[in-house]
Amino acid sequence: MVEIGSRRWVIAEGFIPSRGIEGDRALESHEAFCLLNAGDSPAHLEITLYFADRPPVGPYRATVPAQRTLHLRANDLDDPEPVPRDTDYAVLIQSDAPVVVQHTRLDSRPERFALLSAAAHPVG
Amino acid sequence: MVEIGSRRWVIAEGFIPSRGIEGDRALESHEAFCLLNAGDSPAHLEITLYFADRPPVGPYRATVPAQRTLHLRANDLDDPEPVPRDTDYAVLIQSDAPVVVQHTRLDSRPERFALLSAAAHPVG
Amino acid sequence: MVEIGSRRWVIAEGFIPSRGIEGDRALESHEAFCLLNAGDSPAHLEITLYFADRPPVGPYRATVPAQRTLHLRANDLDDPEPVPRDTDYAVLIQSDAPVVVQHTRLDSRPERFALLSAAAHPVG
Amino acid sequence: MVEIGSRRWVIAEGFIPSRGIEGDRALESHEAFCLLNAGDSPAHLEITLYFADRPPVGPYRATVPAQRTLHLRANDLDDPEPVPRDTDYAVLIQSDAPVVVQHTRLDSRPERFALLSAAAHPVG
């Protein structure tokens, strides 16, 4: 069986605006790491956040069950600490099973609304 | 002849908003899997959808004729079942001939309008 | 010297809306194929457009001079024929020298404004 | 240790609109090159800008410290010269240590608001 994905992924762009539509979880400003684990074993993730002016923070931990997707909101991460708003960051995701990662931001600043998405970068 | 594309592709981000502009097919909220079959044989697709909290659904079937493109709306899939709205999903596309896949969403929630697109991830 | 790019690229998503802001070339709805030729020889392009329900059209021809970028608007292509609006298409770009390709759409339908961009897919 | 990223990256699409929201740095029209250096040595960058109708300009220089991210705004580059607005350009980033690059534009023309992001293209 071909492996579906890689064990290391990087998202170089990270930024959660503090402003945006409020009171509607679907439309509040957020970033998500969208993962697919198409394999037969759970994928245990270790996520490290990098910043411009201080040491990396992590690992954050999460699990993608076998044959499931997980759209993990960066806004919801809080252990070891919340992701600061209005702050440039980058993300390294390491997994013990192959996964595929896609990155999205919904940005509802100035009471308007924009989306971005990019393929994450598989490593090694 | 070099093969144009791959036989397996993953889109890790899937989400069709239930809200959006109505009465205008071009501008209703939708996601599309855009495929090119640049080869000389038809490409028969088997599409599997993955969810966060239940087993995968599929295969959905479609064909991209030789030398044609197909922009397949996830909104239109209905066999074996429609794609649920407001629900995180991910997609595995398997083809018996090489294709190239790109993913897009048009999101017309809050009576506004945003687009995202990302390269899908080729596998193996 | 490492070659910068590839000689074949695919953009699977193509769609030029007929609607949008008018009278302002910068903001009219358009798609562009953005190319970089970082090498020392001109890159001669042959561009083929694929459709859902009729044979491919092309080649369209263009040249990216050595050490130059070309952001080619699909809206401006007219030989052998203009690119139809409101029509799904896909693109194969073949070059006699290595180039890098990125795809963008500016979509100013409903008097609003959205952008998408995706890495094109290098082949072979 | 697996290297995280590549030493050469291309962004084929570059364009900084002169118009947009003013007086709010976060929302003015801008492009950014988002870099992650996940390694243990600083990454020294040489950035070359390519244009449609004149020779390349550069190198612009910047450093991404070890274990840090840098979201470098093209708007802020000024040595050897500022990046012209309303002008197509492309970017070659060369680094003496592996990095990962992602490209974004925030475009706030017509007092609206759109985002694009794409994976940059790793070379060699």
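We just call them A, B, C and D in the order they show up, numbering each chain from 1.
Please note the rule applied: a contact is a pair of C-beta atoms (placed from the backbone, for glycine too) under 8 Å apart; a residue touches a chain by one contact, two chains touch by 3 or more.
No experiment lies behind these values; they were computed from the predicted model shown.
Both copies, chain A and chain D, contribute mostly unmatched positions to the interface they share, with under half of the numbers common to the two. Between the two copies, chain A and chain B, the C-alpha superposition involves a rotation of 90 degrees in steps of 5. Averaging C-alpha coordinates per chain places the centre of chain C 21 Å away from that of chain D.
Between chain A and chain C the centroid-to-centroid distance comes to 30 Å (mean Cα coordinates, whole Å). Chain B has residues 112-119 in contact with two or more other chains.
Interface of chain D with chain C (complex): residues 8, 10-15, 17, 48, 50-53, 55-56, 86, 88-90, 92, 103, 105, 107, 109-110, 112-121, 123-124. Interface residues of chain A facing chain B in the complex, by the touch rule stated above, are 2-5, 21, 26-27, 32, 34-36, 38, 67-71, 99-102, 104, 106, 112-119, 122.
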